[in-house]
Structures are given as structure tokens and as C-alpha cells.
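Structures incoming, each one as C-alpha cells.
You will see subunit A twice below: alongside subunit B first, and alongside subunit C after that.
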Partner chain A sequence: MAYEMIVLTNMLIAILFAQSLNLITGFCGQVSLGHAAFLGIGAYTSAMLTKSGLPLVATFIPAMVIAGTIGLFVGAASLRVRHDFLAITTMGVSFLFTGIIRKQDMLGGEMGIAGIPSPEGGRVGLLLMALCLTILFIIVMIYIKRSWMGYVFDSIAEDEDTASIIGIDVRRFKLFAFILGTAGAGLAGALYAHQVRFIGPDSFGFVESVTVLSMVIVGGIGSIWGVTIAAALLSVMPQFFQVIDDYKLLVYGMLLFLAMRFLPEGLGGLTKTFRKDRGQT
Partner chain B sequence: MLAIEILIQGLIQGSIYALIALGLTLVYGLLRILHVAHASLFTLGGYLGVLITNATGSLFLALLLAMIIVGFVGMASYRILYYPILSRPPLIALIASIGIFIASEEVFRIIFGPFSISYISPPLQNQIDVFSGIMLSEARIMVVLLAFILLLGMNWLARQTRLGIATRASVVDPDMAMSSGVNVETIRYSIFFIGSAFAAAAGVMVSLLNNLVEPTMGAVPSYKALAIIVLGGLGSVRGALIASLMLGVIESFGTIYFGNLLDRDSLAFAFLILVLMIRPKGIFTKG
Partner chain C sequence: MSARTETQPILEVKDITVTFGGLKAVDRASLSLYDNELLGFIGPNGAGKTTLMRAIIGMITPVSGHIILAGQDISRCRIVERINLGMALAQQIIKPLKDMTLLDNVALAAGGDKLLSPVKAILNRSRQQQQEVANSLLREVGLAHSVHKYPTELPLGYLKRLEVARALARQPKVLLLDEPLAGLSKTEAEGMANLIMSLPRKGRSVILIEHNLAQVRRICKTLYVQHNGCHLAFGETEDVLANRDVQLAYLGKSE
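This part shows the complex of A and B:
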């Protein structure tokens, strides 16, 4: 039972993490290749706090606030660049984060932080917390998508110049997406740190950022359900492929390529025609 | 004296970056795609360099063969990887490319084994006194010379030949070039061949400098080359070359003076972000 619970918790954290990126990349159309940095910020914040004696629940808010604040700065910087330039800038953020962490002895440096205390309520408690927070975040996402803010995000993702011409304060909404998205990643990081109980700079590198971006893209950009399913599948996939451990990344890379080749709109794209029939897009 | 040595070190590193970044920026100019899988070709070049040298004893032959073989692999990568998804948004191609890159590291691991491979008898390791006491190995001098020759050849190709003119036309305006009778597909295949061959040359050079090749050797150069072509203004060849040398020098000074704050790789990206904040479209882009 313990194994299934670990897999399930992993899956939920992956879903939360992928949804937080979905808000930035999917809803608002801003590509981020450095999202794992914010998972890392949340994880480090939470781990440092629980190691100093706070209960895990009390670290959620600090983890979100710190990740969101740094997200605000990255977002503000990202306002200056677009498209491919944005992708590369956010990739830089990912490398900058691991580079800084590596040199901070306070944060364990190269060695990382070990011996993160077990969350209160043990594995079950963590699973329940992950479940509640993920559902909560998805509800917020659905609410945003259905509110007029969702339409604003759509218009920015579609064509931000036109959006600003019709009077939308593009900068403000982009920043909002960045803050909420990175705070969500920080939350996922807090859970992640206590799931694996050991974190280091390499847990939050570029490959992890690409992994989460691929969850969003395989799921179908902006599709809440598509991304949920993709994150769930892609996060448990390595467990299935554990048997042929050597080929894990090979299978994963090929899957990314094939998904882009044959299913460029992602899983969410599959249902799109169906939804169009019902008068929704 | 130390400063000059650091400067030379930076220029050597910069020449290698230039060889990698050239293919990337050409591909970006033509297709508007960030060709991450370019780094796989760099790694392949390194492996071929070591294996062929060890088998035949001739570094020159290895370099030549590596460039030709990798050039063809590059053409195949265009046909298989990008050609079917050209009409999709660039992000799709970027993700597909990252997928291929991740998979390729694994393929190298499976074919060549997880451990590094070295030259049996490393060629060009003699130290030469270049000027007033600065010693450089022959390999380092060869890196700079080779980069210089290749880039000069590239410049001649771009300025003096029909292929070069047609390529520049396709970069500026593909539709117009096509209607003037330029076969854009031929151009793309040629550019992939040349760019990949240059990446292979860089791979061989790096294998020579470090005297080893390993499956993951492409990771850092590939991300840095992306940073370089962004710094130089995407698609600009001259910008990419200047940015390569600049980054090489900045890195080698930076690791000395800021080494306790940031590691070498994040230094490059800190510089990149700083520049992009001031000039959001790269240093050498007008407007």
C-alpha cells in the first residue's frame, strides 16, 4: 500500500506543478523553460522551515509567498522579452537558480538538504494534503478560466498587441499569471520536498523544467483536463519504465517528439472538435 | 600576464562556442526554430573524432570524416524532425527538438556506454611558447586556427557563392526568394549539412581539449549556444560570432572573479538576462 501511496502523491504533486505552469503557458501564452526553479524555491523554503521545527502546513504560505515574489520579479523581467527570447530568458532563470543554490552553503550547496522531517500524519497526511491542494488549485483554475479574466488571458495568448489595443492592461495580467503560477509551483515544491525528503540543486534543473512543460504541451496548452491527465500519465510513466531503467529518458524523449509530431494540440485537442459541436471552444 | 592568459583561454572557449552557435543561428534564420538537438550532433562529432582517431591514428581523417558523417545526419534530422512540423507554431518544434536531444543522450549512453572514452594517445599535446612565456598546447592553438579557417570559409561561402546569396535571400524573405527561383529546400538541406559539420568540428575540438567524450557532453554547450544566438540577435551570424567570443571571455574572467558566487554556467545566463533586460532583442539587433 505504501508504494501505491507514494506513486499517487507523486502524481498529485505533478498535477499541481503542471497546472501552475498551465496558468502561465497555457492560459496566458507565456512560455517558461525555467518553471522547476520555482518548485525548487518552494521546496527549499519549506524544507528550511520544517527543519527549524515548523509544521508542514505552516510552510505552505511562506513557500507560496517567496516563490510568488521571485516569480513577480521574473515576470517583470519577462515583460521585456517575447516568444523565443522569453523561452531562453526563462531557461536562463533555471540555470541561474541551480547555480546560486550550488554556491550557498546555508542551503546545503552541492550536497543539498537531507533529513527533511516527515510530515505530520505521515504518508497518509501528505497524500491528503496533496489531494486537497491540487483539487483546490484546479478549482481556482476553472474559476479563472470561466471568469472574464479567462477571456483576457485567451486574448493575450492569442495576440497581445490586439489585446492591448482593445484596452487590456497586458502587463498587469501577465504579472498576475506569473505570480499565481509561480506561487502554485512553490506550493507543489513544499509538498515535493516532504515527499522525497531530500532535495538538491539537481532536483530542479532544466530537464525538470522541460518535463513539466512537456506535461502542459502533451496535455494540450490551456486545457485543464488534458494537462491533468498528461501530468498524471507522464509522472507515473517512469515507474512503469523502471524495469528498463536505462531506456527511461529515451522513451520519454521519443514520446515528446512523437506527441509533437502526431498530436501537436495535445490530449486537450482531441476533445476540441467534440466541444465545438456543443457551441464551446 | 595572468589577465592575458585568461583572455586567451576565453577566446579559445569562445571559438568553440562560435562553431556550435553558427549552425544554430543559421537554422534559426531559415526556419525560426530553436534547434536544441544541434547539441546531439556536437556530441556525435566528439565520439566520431575519438573513435576514428583511435582506429586509424589520424586526427585529420577523423575530423574530416566526423564533419561529413555528422553533416549528413544533420540533413536527416531536418527531414525527419523538422520538415513534418514546419507549419506548426515554433514552440512545437522546440519541444520536439528537446525530446530528440534527451533521447539522443540516452542513445549515446546505450551505444558507447555510460563512461567517458579517451584518446589512446592524445594528439597535439605539446606545449608551445606562443609569446613571452605564455604556453599553449598545440590542441588549443589548433582550435582557434580551425575555427578561424572554418568561419572564413563560411564567410566566403555566404558572400561569393550562389548558395550563399540564395541562403541570405531565404533568410530575409523566404517567399520572395522562392519566387525568384531559389529552391528553399536545397538551401535548408545545405545549411543543415554545414551547420552540423561545424558542430561536429566543435565536438572533435572539445574532445581533444578535454581528452574525453561522454554522453552528456552536449548538454551545457547546447544551452549556452542558445544563449549566444539570443545575445547576438536571433538569426544574425555576425552577432552570434561576436557574442560567442564575448561570452567565452566573460566566462573565463567571471569564474575567476565571481566564482564563489555563481558557477560558470549560470554566469553565462546571468549575463544573458542582464543584456536582454537592456536590449530585449539581443545586442546586435537594430531597433
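This part shows the complex of A and C:
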């Protein structure tokens, strides 16, 4: 039972993490190859705070605020560029984060942080917290999608120049998406740190950024349900099939390639096509 | 020319120069536009018309000159600020949002401050008011029958009208139209020109860049001509078209 609970908690954290990137890449069309850095910022913030005696619940807001604030600065600098340039810039953020962490003794340096306290309520408590926060985040995502913000994001994701000509403050909206998305990643990081109870710089490297991006692409850029399913499947697979864990980068890289080549709208696009077909018959 | 008897132009373009590398695409261009006016803007290919239009709206930064809208110098404003101060552009190469219906394309542009503030955007869900505006504008441009269609389902003539409706949704003081008749058949061009003729009114003026001289002659009372990036002529349409320099540069004849 304990094993199933770990798998389920991992799955929920992966969904939350993938949805936070879906907000930036899916909703607003900004590709990020450094999203794991913000998972790391949340994880380190939360781990340091619980190690100093705070309960895990009290670290959620600081983890989100610090990840979101750093997201604001990174976004302000990197969102001036677009497309492949943005991808390369955000990739740099990923390397920068691990590079800085390695040199910080206060943050455990190369050795990372061990002995992160067990969350209140043990494994069950963590599972319930992950469940509640993931559901809450998905509800927020659905709300955003249906609000004027989702409407504006759709136009920015499709064509930034047209959005500008319409009178949309593209820069401000992109930055807002980045702040929300990185804060979401920070929240996922807080849960993650207390799930694994040991974190190091390598837990939040480029591979993790590619992994979460492949969840969003395979799920269907911008599709809340597609990304939820993809994140659930792709996070569980390595735990059941050791070979996937051994060749993680290869498998996720291949999935990214296959999805972009044969299923550019991802799983979400499949359901859209299916619904259209049914509508026509 | 009744609009020109007013003292204060709604738009003043003063000595705008735009360079691309070593090339001067626009050289000290100046023009003024008055309220309720339809100003034709013509010139041969490569004259720098679209470049000047883009400099006016803020897509290109000129190396010198000033742009004054309703008495306010907007030369340093970003494109989004200029649009929210009362400018709108219908581009030559139409760019509808393909994943949205015509109604949603126009309603989005009617979003007002929700397009500027993410906080206002996240706190508002209803699109009813904007959709009513969009419905009325799409009716005005002759697209009432296609409001729920997607841009990919419609021909160029309809999309050109959509571009105009979307620009109108911004409630512009100055509407810039960049070759709205390009690519249209003779009948479509005539219909579109009739629509353009109906656009100027109190509080709204139009600059029309166009190559279709027959339609420009029919609907514009004043013309501004640019050649090789420089101002060539300005005045009443018939006088300008009779100008020898204009005929030589633009029409390729000297008699």
C-alpha cells in the first residue's frame, strides 16, 4: 500500500508540475526549457523552512512566492526574445540554477539537502495535500482558460504580432503567465522535496525540464486534460519499467520528437479530432 | 476639404525618417490628418508607404521625427500605448486569429482595459458586451452572415473586411488601412471602397494606402504622394493626380 501511495503522490506532483508549465507553454505559447529550475527553487525553499521547524503547509506560500519572484526577473529578461531564442535562454536558466546551487554550501552544495522532515500526517498526509493542491491548481487553470485572460493568452499563443496590433499588452501578459507558472512549479517543488526527502542540484537539471516539456507536448499544448493524462502516464512509466528510467532522456526525447512529428496537438488534439468526427457523422 | 478648415489636426507626422541599415526608406516625411477625413496615401512600389504607416503605429522606430496624436506627442510610446490612445491598423497581409470565430476575433479587440491589465483579465469572464459590439461591427462591414465561421473557411474579401471590423473595435480616432483592396476582384474592390468611404465620421479619420487609383480617385478627396521615401505631392485628389511630377513618378507618363 505504501508503494502505491508513493507512486500516486509522484503522479500528482508531476501533474501539478506539468500544468504549471502548461500555463506558460500551452496557454501563452512560450517554450521553456528551464522549468525544473523553479521546481528546484520551491523544493529548496520548502526544505530549508521545514528543516528550520516550520510545518510543510506553512512553506507552500513562501515556495510559490520565491519561485514566482525569481520567475518575474527571469521572465522580464528572457521574454523579450521569442521562439527558439526563448528556448535557448530558458535552457541557460536551467544550467544557471544547478551551477549556483552546486556552489552554495548553505544549500548543501554538491551534496544536496538530506534529512528533510517527514510531512505532517506522513505519506497519507502528503498524498492528500498533493491531491488537494493539484485539483485546486487545475480548477484555477480551468477558470483562467474561461476568463478574459485565457482569451488573451489564446491570441498571444497564436500570433504575438497580431495580439499587439489588437492592442494587447503582450509583454505584460507573458510575464504574468510566467509568474503564475513558475509559482505553480514552486508549489510542486515543495511537495516534491517532502516526497523524496533528499534533494540535490541534479534533481532539477535539464533532463527534468525536458521531461516536463514532453509531458506538455505529448498531452497537447494548452489542453488541461491531455496534459493531466500525459503527466500521469509519463511519471508512472519509469517506476514500472526500469528500462525507461535508465534511458529517461532518450525515451522522453523520442516521445517529444514523435509527438511533434505525428501528433502536434498531442492527446488533447486527438479528443478534439474525435469530437469533430463524431459531430460530422 | 471641409475637415481641413479646422485648426487642430487629429494626427501630425513631422519629419519622420526611417532607415534600414544604410538605406533611407522614409526621408523626413510629414503629413497631417484632420477629424472626419479620408486621406489617400499613394506612391509607387518601394516608396516607403507601409514603412511610414508602421512608423506611425509604432511597429518601427524612426531615427528622427515626431508623431502627434490629438495634440499629444506619442513618438516614444509603445505600439500598445498608441493603439490604446486611439490608433488602429488594418494590415496589408491580413492576420486573423485562425482558431477563433469572426465574432471572437472582433470581440477580443473590443476588450478595452482587459487587454492591458492581466488582473482585470483574470477577474472578468463575460464576453457578452464585447460580442454585441462585435456583432454590430461585423454587420457594418457586411459579414453578418459569417459571424460564427472561422477565418480558414472564408475567402480573402471577407477576411479583409474582418481586419477592418477588428480595427474598428478599438474605436480608433485614426484608422490606418494598408492596401485593403489588394488582391480583390473589381466588384469586391468596389464594395470595399464603398465601405471605406463610409468610415470617416466625427471622432474617426482614415488614412488609406492604396494602389487602386480608380477607387482612390473615387473615394478620397485629399491625397498624399510619396516617392523614394520622400514627400512628392499633397492636395486635392484631382490636382495631385494632374501634377506632372506625380504622373512622372507614379504613373510613368509626362504629358
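Please note the rule applied: the second predicted complex is superposed on the first by the 258 of 281 C-alpha atoms of A that agree within 3 Å, B and C clash if a C-alpha of one lies under 4 Å from a C-alpha of the other, contacts with A are read in each partner's own complex, and residues count from 1 in each chain.
Simple rule for what comes next: a contact is a pair of C-beta atoms (placed from the backbone, for glycine too) under 8 Å apart; a residue touches a chain by one contact, two chains touch by 3 or more.
From a predicted model like this one, the values you see are computed outputs, not experimental measurements.
In the superposition on chain A, contact of A:I61 is made with neither subunit B nor subunit C.
With both structures placed on the common chain, the touch criterion links A:L136 to neither subunit B nor subunit C.
When the two structures are aligned on the shared chain, A:M91 is found in touch with subunit B, with no touch to subunit C. In the superposition on chain A, contact of A:T162 is made with subunit C only, not with subunit B. By the touch criterion defined above, A:Y252 reaches subunit B but does not reach subunit C. For subunit A, the partner that touches more of its residues is B, with subunit B and subunit C as the two candidates.
In the superposed model, A:A114 lies in contact with neither subunit B nor subunit C. In the superposition on chain A, none of the residues of subunit A is touched both by subunit B in one structure and by subunit C in the other. Taken in their complex, subunit A has these residues touching subunit C: 144, 146-149, 151-152, 154-155, 158-159, 161-162, 164-170, 172-173, 176. Of all the residues in subunit A, the ones that touch subunit B in their complex are 31, 77, 80-85, 87-89, 91-93, 95-96, 98-100, 102-103, 206-207, 210, 213-214, 217, 246-250, 252-257, 259-261, 264.
Remark: subunit C residues 57, 79-80, 83-84, 88-89, 91, 95-100, 104, 108-109, 111, 114-118, 120-125, 127, 166, 170 touch subunit A in the complex. Within the complex formed with subunit A, the residues of subunit B that make contact are 28, 32, 34, 81, 84-85, 88, 90-96, 98-107, 109-110, 223, 226-227, 230, 234, 260-263, 265-270, 272-273, 276-277, 280-282.
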